[in-house]
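In this document, chain identifiers A, B, C, D and E correspond to the written order of the chains, with residue numbering beginning at 1 in each.
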Amino acid sequence: MSAMLLSLVLLLAGCGAPAALSPAGPQAGQIAGLWAVFFWVSVVVEVAVVAFLLYAVLRARRPVLTLPALAAEPLAERRLTRGVSAATALTAIVVVALLAASILVTRALGALHAPQALTVEIAGHQWWWEVEYWDPVPSQRVRTANEIHVPVGEAVLVKLRASDVIHSLWVPPLHGKKDLIPGHATSLWIKADRPGAFGGQCAEFCGYQHAHMRLLVIAESRGAFDAWLARQRRPAPEPTDAQARRGRDVFLTGPCAICHTIVGTPAAARLGPDLTHLAGRTTLAAGTLPNTPGHLAGWIIDPQRIKPGVHMPSIGLDGADLQALLAYLGSLK
Amino acid sequence: MTAPRPATLAVLGSLLALLAAAASRRTLDAALADDGQWVRPAKDLAATRYSSLDQVTAANVKTLRLAWSFDLGVERGEEAAPLVVGDTMYVVTPFPNVLYAFDLTRPGTVRWKYEPTPATEAQGVACCDVVTRGAAYADGLVVFNTLDAHTVAVDARSGREQWKTRLGEIARGETMTMAPLIVGDKVLVGNSGGEMGVRGWLTALDLHSGRLAWRAYSTGPDRDVLIGPGFKPFYTFDQGRDLGVTSWPPEAWKIGGGTVWGWLSYDPELDLVYYGTANPGPWNAEQRPGDNKWTATIFARRPATGEAVWAYQVSPHDLYDYDGVNELVLLDLDLAGRRRKVAVRPDRNGYVYVLDRATGEVLSATPFGHVTTTKGVDLTSGRLTYVDAKKPELGKVVRGVCPAAPGAKDWQPSSWSPRTGLLYIPHQNLCMDVEGVEASYIAGTPYVGSATRMYAGPGGHRGLLTAWDPVNARAAWRITERFPVWSGTLATGGDVVFYGTMDRAFKAVHARTGEPLWRFETVSGIIGQPITYRGPDGRQYVAVLSGVGGWAGAIVSAGLDARDASAALGFAHAMRDLPGATPKGGRLYVFALP
Amino acid sequence: MSAELAVRDVDDAATRAALEVTWAPPRGVLGLLGTVNHKVVAIRYIVSAFVFFALAGVLALVMRAQLAYPEARLVGPDLYNQIFTVHGSTMMFLFAVPVMEAMGLYLVPLMVGTRNVAFPRLNAFGFWIYLIGGALLWGAFLLNAGPDAGWFAYVPLAGPDQAPGKRIDVWAQMITFTELAALVGAVELVVTTLKLRAPGMSLNRVPLFVWAMLVTAFMVIFAMPAIMVASTMLAMDRLVDTHFFNVAEGGDALLWQHLFWFFGHPEVYIIFIPATGFVSTIVQTFARRPIVGYPAMVLSLIATGFLGFGLWVHHMFATGLPKLGESFFTAASMLIAIPTGVQIFCWLATLRSGRVLVRAPLLYVLAFVATFVLGGLSGVMVASAPLDLQLHDTFFVVAHLHYVLIGGSVFPLLGALHYWLPKMSGRMPSEGLGRLTVAILFVGFQLTFFPMHQLGLAGMPRRVYTYLPETGWGPLNALSSVGAALLGVAVLLFVANVAWTLRRGARAEDDPWGADTLEWSTTSPPPAYNFVHIPVVESRHPLWTHPSPRVVTGLRIDVREVLVTDAIDAVPDHRHMLDGPTLYPFLTAMAAGIGIITAIFTPWGITVGVVLTLPPLIGWFWPAGEAIAGTTREKA
Amino acid sequence: MRRPVLDVSALPPIAYGSRTTIWWGVLGLIAIEGAALALTAVAALYLRQNFMTWPPYGTPPPGLAAATANVVLLALSVWPMYVADRAAQRERRLPVIIALGIACVFNVATLALRGFEFAALNCWWDDHAYGSAVWLLLGMHAAHLVASAIENVLLLALVVKGPLERKHFVDVHVNALYWYFIVAVWVPVYVLVFLAPRWS
Amino acid sequence: MRAAAVLGLLGALLVLTGCQREQRRFSEVAPASGRPDRLRASGFNPGDRQAPAEFRNPYERNAWAAAEGKRLYAAFNCIGCHANGGGGIGPPLMDPAWIYGGEPVEIYASIVEGRPNGMPAFGGRITDSQAWQLVTYVQSMSGLLRKDVRPSRSDHMSVRPSEQSGTSERRKPPQ
């Protein structure tokens, strides 16, 4: 057992702290703190139990296969009963203490609030995340997908909704998960204490590509965030060269346009992610691939190989059209 | 049919009506000057649909009989009003929009026939049957719109095409079904297709050349909506810059509806043309947060330039497809002791609005149907107050939404009798269950995002003819009908009100009491607009098209399957017994006294 | 009329001869399909359960192979989803619950000193229904129609809109079969325990294993209806368009979760409590002393049974429940650690104060304690609402549940099989092979599942068919997969030991371990009638009590008669004739099976089932009219 | 071999009530089905939260006539069943036949009424979750009635025709127990399905 | 022996039917547009001999394809015109009447090539397999597919009995 614990320590040391235990926000931090309490209590209990067990069994006493004496010594029995009672009482105390700690952390988790906070609405789809930045002026709203930018040090309200099945939003360095359930609006508050890109993932089994339903939370300074948001508010730029113009035609006349939106063009379908600023994103296919032209080409040509069962069909394009499309999509900064 | 009203009430009603009639002398003058023709679907520019012809009276109407009839050869919803100019009657059919000219001197004979051969694909983007609401006449030209979004002017004598202007693109879902209004040398036309993600507009064409004079969009930046410095909306929520952009999610105004497929009216004195814009798109309101200017809005514009003078958004952020296209009947009424120039409008959302037509101020808004979706209009802010519990939700069915999507009253126009001071509102009593669903915009395909199923409202009857007293803001009498009263009404100087029912009856009732006087069984359900005219022989005739269809009658005209409650956007469910009540048809009926 | 204490001449040989005839196993087809001997049925149950265990284990190995390195292409998501669903469903519904009940059905009549279970034909029916259910699931899986929405089949993913085909319908009807079998078994165990105990075995003398099975049976009776209702609703939603889980028409996705976990959490205890019975028995035997704190143990079992129903919501913390409810369920979930703790402390105290005889079964128990305590501790972690928000639905939970289910139930179960194998087979298993098995099992298990804790904390959700290389989850997963292979080896070793025992094992005496309960008082293996004479019990440890106990006489031996005693004090009440072998339970099960399987395709299946089951049911209950003659009794 | 024994030969071969195994078996069945019905009822109440009105707009509340009649009918049916029960415990065949026969008539009548009750629900199971819930509750109880009808008729046939054994009187006795359960649970089902929609 | 043979046959049948129904063919690589060989919109061709129209829907027995078709039917706004089979702008699809023919190949042609009276051509916009999935669903609407292949109810408003439970008329309007 101690070997196992040792290996745990080694793993912790070797791989660095796992995502859930290297918090980047106050809530994940509180949970990580609670984890430490539970973890060390567990280590103590496990070690104690196993030690006692080994001691009890391995006492060098020669056993004999005779009928056991049923009339035990009352004194010894009472001592045993007292021991069991004491251990039980201790268990109860520890459990109550852990319970109290839990409840305190629950309270603390619920305490994060801010008036007029940035509100991000997230809809879970099979198998991607639709993201919308709320704004009192409807035309200032921003829709994007699979990548959330938040300002560092500010509490952000995330409103969740499921469009098909149950999903669960989980960004371990920021907070625990919250389910997206059809028919039940849920929400959570998050706050990033330090800048960085934090990976998240759908945590509730949602079908074929549950494994590849990832997202990225990018925490950046208020200035950088505002600049990003302002960029997102602009419609897609007009293509500047012939190649990109041809790419736009491929997009608008082919299968792309009946599933995707590019603000600034007639493409306004909502089946797949909004691609208005595709080139500005870090990843493709809900966090599955890095956003490079090569991967994008592979994704367009055969998404079913990369994510079998995904709703995007394999698009048969000839080389020139594909290059043009890539040029156009690449221009959507 | 409702029980006859107590006599006292009738007396009181007529007295009040007489008072009102006396007050609106101007209208009365116009009526007295009636020439017995019918040159535009709404009869006059004020859209009263009142003819002072009085040969047919409440006393003799029961002897009314068929003078002649004509099979139009198109068995879709006949929503048009025939026109009578001189000794010719003009009838335009649903798609393929054939224009007939009948020689009234020789009843039942066709003088000429004009076939515009619109693109057949247009049928695939016409939301609610392939109807047209008629033509308009001016200056020797019969002008009408074809389903494939063209406006055509035809020489009234020869039937030769004078000009044909393409105004919209059917590939983007644009069609045209409304009847033009001709003001001076301008032909005013608007587009249809609010269910296809079309951007609505009203366009003025030069009457003689067909060239585009101006186009006023219903959504988008102020310069597109023709909002300039002269724009003075009465209420603060209609004031601001570029509301047609900022009250929409990014770029959604480009596919946001607000089409202009209903009725226009014109006040020569104020030189303002009035009309309403249709619903925002998609129906699913969660996809278009904001007020969605200028959909479901009443506009007052200068016909010469198109410049907007005032606007009033009747249903801001419309939740239920409450198009704002219904007629605005221009009347001068004594309200609270003051004579006012008003526009009376029975709206789809269930209220009769009485507006000051010079300013756009709402003087009163009174429910005339069963309304559960809203709590009324706040007369200080001008805003319609929605009921939270009835707001459609994404993925959840909200029940008991009354009125349903076609509203308490749809396009079917009312008529006004200056003699009785009553507005005869043909309308329906429907409720619906509605569920919001994600809508994806694919040009040329429907952009609705809503699952609906409709059914009869309280009482079980689906149709009503309400005689509305706009001065006292109350109903004088009502007649209930099994099916929605989807036809227009006609009021005459003989105190007779004509209307048709979807179960094939053409009816005459007493204008003061609603007492049924006469009925005639036609070949098909009636959803057209009855008219009356003085024939070349000096006799008064009454004409109407019979042919069930439209949104309400699509179950018959398009042969829908009512086992699916969502057929025809849920309307078929409420009309599932219609196929048993009427076959398809397309026939012109003309009646006269013997 | 009452039972009479006396000292008489007892003719063992004659009684035995008569009983051999009366209780003789039927031959031929009737023997194959018509037997009602609880031991035969139970062994069939156990063997079937282990076959399913092995099959599901193979699936587990496939999964571990797929997950051994990132972006593996061994199986695609479609197959993987079926694999983990069938693995989970098989382990829970076709292995864990049935095998525990089967152990009870084998041991309880022997331990309480009676000749068969209370309703022998019903017992046989239960087995057949279970077998059909299992065959259905696996047949469907082999036909590519294996359910693929996870063993808890959350709607709407498992609902009619999202799960086309018949995969989920198969799952729902498999539930119908197994729940029917489990409920039948539970009723058997309750009535057998309460009414067929040997005279003198008052409730405070009932062996702890029997207590555990009694509590388990009660939990089954109150937990299984929840999944019955839920799976019925799911089947109806899928087949006849009801809207229980259709959010749009007023249904609710969370209703499924509530109903499922109201069953699902007690289910864990249904699997675990019998294991505590094994552990208590083994500890007592090998510590060579009565268990410390018998009353405390019994009370803990009962407390666990009750508390087990109070914590289903801790599977739903991430759904966004009201804070107060969250705290309540956190409290309930953590409090269950206390009765479990009491049991562990009692075992430790027993071992500490006994003269421990270290044998393979005890080694299983040691592996159990070390593993289960860890599982329990991680259970306390996931019971804490805030921690659960991070741990829920990750590999941490996969680790936790395997620690609890394998560590907490399978280790004791294997120990128990090793322990009772002499009784069941009449031969002794190999001690050395047994010890080796424990060692490999333990190491393999820890290697497989310990790294999963770390993976969960590192962000790896459960039920993923693969993962990206940049997640860094590769090495630990590889380690886990190696461990799984080792675990597979251990299971093979166990099977080898059983095979060796059956062929080569030394003949076992009646009581080779020197244990105290009644099953060891009869021959190994026990005769069809279990005991020549029903024993009279005078202490909690009848076989450790001198002198040899009084026996019951006066039961009829020409028919299958048993003694019915009073529920609390086991005072003899009346004699009761049990039913003999018949084909009807099998035929009824087949008929019901046809009906239920037809109901996958059409609601008329229910009607078909009712119509088809009627004739065999009538046959089942219609009196044969031959049993009344004769009144041969055990002569005094 | 002489040894101390407990001679049970004087004990009766038959008993009634909680002394018997079958009584406990039926009690187990009742516990299972009671739990299932209770959970279904809880599920219905849970679904009720999703509706603004119960029944939802457009669905009239269920008609009471047939269901109320069934309350009366089921209550009355307890009497013949009780008589049969008592007669069975006294092991008298003819009274059992008569009383059980009457009980069967009652049972079939309740089933016929059940048809009207379904019609009186005023909705289909696939209309909405309300419809699903009330159909399921009523259907589950109906399934019990059907099962009981089959059982009653078979038992009657057995008592009339079959080679009667004493243990069959025990069967009649526990069958009555099961019937009491069916009658008892009808009250909450009736309240939930037929009365509750009229209270909101 | 015979029993074994019968059982084996039955088993093989099961495998065939079961497998076809449950298959999920994700990566069927199909051209984005274009029509399969021998696909014809018209039933006759010039010349004496008439070639049989033998093109079959590859998904006819595949429940997943039918369900995908149902998803696409909503996604590509088919529902806007044809409602859930009852029709509206477009003709009903749940009744036995077919304007342009109810053979799979004809339905395919309607979807891919469009029809002049308003049906847009989806060829080039959707892939071939998507088109066939739509065909499968459209077939299921009017009960042209085996019952166990047809989709169950959707998670939306209840507007009609699902394709699986049949299209028989049973609904009455509320009130």
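Basically, a contact is a pair of C-beta atoms (placed from the backbone, for glycine too) under 8 Å apart; a residue touches a chain by one contact, two chains touch by 3 or more.
Computed from a predicted structure; not experimentally measured.
*Asks:* Through how few touching steps can chain D be joined to chain E?
*Replies:* Minimum step count, chain D to chain E: 1.
*Asks:* Give the label of the chain whose average Cα location is farthest from that of chain B.
*Replies:* So the chain farthest away from chain B turns out to be C.
*Asks:* By number of C-beta pairs in contact, which two chains lead?
*Replies:* After tallying contacts for each pair, the winner is A-C.
*Asks:* So, what's the distance in Å between the C-alpha centres of chain D and chain A?
*Replies:* About 51 Å separates the centre of chain A from that of chain D.
*Asks:* Please report how many Å separate the Cα centroid of chain B from that of chain C, as a whole number.
*Replies:* Once rounded, the distance between the two centres reads 72 Å.
*Asks:* Just curious, how far off is chain E from chain B if you go by their C-alpha centres, in Å?
*Replies:* 40
*Asks:* Measure off the straight-line distance from the CA centroid of chain B to the CA centroid of chain D, and report it in whole Å.
*Replies:* 61
*Asks:* Please list all residues of chain B that touch 2 or more other chains.
*Replies:* 395-397, 433, 435, 439-440, 442, 455 - these are the residues of chain B that touch more than one other chain.
*Asks:* Residues of chain C touching 2+ other chains?
*Replies:* 76, 78, 156, 162, 237, 240-241, 243, 246-250, 252 - these are the residues of chain C that touch more than one other chain.
*Asks:* If I count partner chains per residue in chain A, which residues reach a count of at least 2?
*Replies:* 182-183, 208, 257-259, 271, 308-309
*Asks:* Can you name every chain pair that touches?
*Replies:* A-B, A-C, A-E, B-C, B-D, B-E, C-D, C-E, D-E
*Asks:* Under the stated contact criterion, what part of chain A meets chain C in this complex?
*Replies:* Residues of chain A touching chain C: 1, 4, 7-8, 11-12, 15, 18-21, 28, 30-31, 34-35, 38, 41-42, 45-46, 49-50, 52-57, 59, 61, 63-70, 72, 76-77, 80-81, 83-84, 87-88, 91-92, 95, 98-99, 101-103, 105-106, 109-110, 164-166, 168, 170, 172, 175-179, 181-184, 186-187, 199, 201-212, 214, 288, 308-309.
*Asks:* Would you mind writing out the residues of chain B in touch with chain D in their complex?
*Replies:* Touching chain D: residues 389, 397, 399-400, 431, 433, 455 of chain B.
*Asks:* Going by the contact rule at the top, pick out the chain A residues touching chain E in the complex.
*Replies:* 182, 208, 253-255, 257-259, 271, 302, 304-305, 308-311, 313-317
*Asks:* Taking the complex as given, what residues does chain A use to touch chain B?
*Replies:* Residues in contact with chain B: 137-143, 161, 163, 182-183, 233, 235, 257-259, 261, 263-264, 266, 268-271.
*Asks:* Under the stated contact criterion, what part of chain C meets chain B in this complex?
*Replies:* 247-250
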